[in-house]
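So that we are looking at the same thing, I have put the structure below in structure tokens.
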Amino acid sequence: MRQSYQCKNGQLIVEMPKEIDHHCAKELREDIDRMIEISHVRVLVFDFSQTEFMDSSGIGVLIGRCRNFGYSGGSVQAVHLNDRVKKIFMVSGLSKLIPIGTEQERAGGRVDGE
Amino acid sequence: MRQSYQCKNGQLIVEMPKEIDHHCAKELREDIDRMIEISHVRVLVFDFSQTEFMDSSGIGVLIGRCRNFGYSGGSVQAVHLNDRVKKIFMVSGLSKLIPIGTEQERAGGRVDGE
Amino acid sequence: MENRMRLEFDAVSVNESFARVAVSAFFAQLNPTVDEIEDVKTAVSEAVTNSIIHGYGEKEGTVVVTCTYHDKDSEVVVIDEGVGIADIEKSMEPFFTTKPELERSGMGFAFMEAFMDEVSVESEPLKGTKVTMKKRFGERKLEE
Amino acid sequence: MENRMRLEFDAVSVNESFARVAVSAFFAQLNPTVDEIEDVKTAVSEAVTNSIIHGYGEKEGTVVVTCTYHDKDSEVVVIDEGVGIADIEKSMEPFFTTKPELERSGMGFAFMEAFMDEVSVESEPLKGTKVTMKKRFGERKLEE
């Protein structure tokens, strides 16, 4: 299952998989890192519109990307979370590390929050 | 899971369950027989529009109803079969016993084929 | 690619649909067509239902379902320790049933044979019954 | 109402999602809310993933999952015969992980505890690990 990426206005939008677990974590991690490397973006956006399931393996992937990307001065966001993914963000405390895009930003197609 | 029944113009339309297997067969059988008894209809229509799964237990239920209902001079039909249920009708030979309503009859809402 | 799983559950009718879902979730790994997976679900439903109704006579018991695959070749085995079958050949004839009072159609084995590539039955009266079914899933393009 | 099932499968990551589906299909019999069933799926995913990654170190092995329920009280047990855990208390601390190189978050046990009512862990080094999780599903109206 290959991910879809979209790169515009200095933003890299990563479409996250339907199910984010240990099974897909390694490939997902490597794919995102490769895209970050080649696209020279300053804003990284995780798009969860396709995501129905995520467990703590997904948390690991997100924290890892945040850390790497943060070092290079970039900012990170998450958008289009369904209620379940939002719950996972809350319970894990990930919501403190990665701002969740608001309805308005989603509606306007703006996700970098600036 | 209770069945829905509709009775009009001498027709009894039985909405078949989502999954027709041995688990639901007994209740389904009893429900249909009770409805036939109280509604004095001459045409019995099995509506499969909700049905996604049927195994040979369902065949047993249908054959049994056909037999009982046929004795009393009534006629039987099946409508709104998806491809899977159609396959089950074909493989079992049930399609020779119970005529399958055509697209036209479905569109026109007429299912008694007369 | 190879994989295997073994499922054990109480012989109660509410588990028929559970067994179908579990088996189809397992073989979903082979990326089958909808029709292929529905064929397997139907065959599993027949064998599991038989163990519950005929093997255990709707009394207490345990049904075991094992699934394995090797590349595109799948195998499902359904086992009960119920009453067993005396005459296997006869029991496999279409329309043959020992429970007409339950409105059984006698089509269970016929369905297993229609929907799977191979079906074999081993059984011993009072020991139980083992139904082995094989199906080769068609080669399909990988989804992008 | 009571029921039980036992599921055994190879310790490979492709079976993580299979285990989730099988367990949720089983508890679907209790007519749970979507949120309840997702909680159980997440907890099962954590425990099964731990057996595969930590218990067996992504090498060969078998994971066993048993599910039972009695009315609205459900229990899930996940067992491996892997390396086991020396200090259970420490391993259950949030963010504690022995595999940071795999970018594990150390949130597995924390998730099990957050999403289930009760979690208990038994383990012996070189023998394996048994995680027992309980959850009571809310009383809901029967669907019409």
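By letter and in written order, the chains are A, B, C and D; residue numbering begins at 1 in each of them.
Going forward, a contact is a pair of C-beta atoms (placed from the backbone, for glycine too) under 8 Å apart; a residue touches a chain by one contact, two chains touch by 3 or more.
No experiment lies behind these values; they were computed from the predicted model shown.
Participant: Any chains in contact with both chain A and chain D?
Facilitator: Touching chain A as well as chain D, we find no chain at all.
Participant: Leaving out chain C but moving nothing else, do the remaining chains stay as one piece, and if not, how do they split?
Facilitator: When chain C drops out of the picture, the chain contacts leave these groups behind: A, D | B.
Participant: Where the CA atoms of chain B average out and where those of chain C average out, how many Å apart are those spots?
Facilitator: About 26 Å, centre to centre.
Participant: For chain A and chain C, let me know how many angstrom lie between their CA-based centres, rounded off.
Facilitator: 43
Participant: Take the average of all CA coordinates in chain C, do the same for chain D, and state the distance between these two points in whole angstrom.
Facilitator: Going by mean C-alpha positions, chain C sits 27 Å from chain D.
Participant: Residue numbers in chain A touching 2 or more other chains?
Facilitator: Chain A, residues with two or more chain partners: not present.
Participant: Give the residues of chain D touching no fewer than two other chains, as numbers and ranges.
Facilitator: In chain D, residues 14, 17 touch at least two other chains, as defined above.
Participant: Which chain C residues qualify as touching chain D in the complex?
Facilitator: Going through chain C, the ones touching chain D are 3-10, 12, 14-15, 17-18, 21-22, 25-26, 28-29.
Participant: Could you please specify the touching residues of chain A with respect to chain D in the complex?
Facilitator: For this pair, the touching residues of chain A are 19, 21-23, 25, 29, 53, 55-57, 59-61, 63-64, 83-84, 87-88, 91-92.
Participant: Which of the residues in chain D end up touching chain A in this complex?
Facilitator: It comes out as residues 13-14, 16-17, 20, 35, 38, 41-42, 45-46, 49, 52-53, 102-105, 107-108, 110-111, 114-115.
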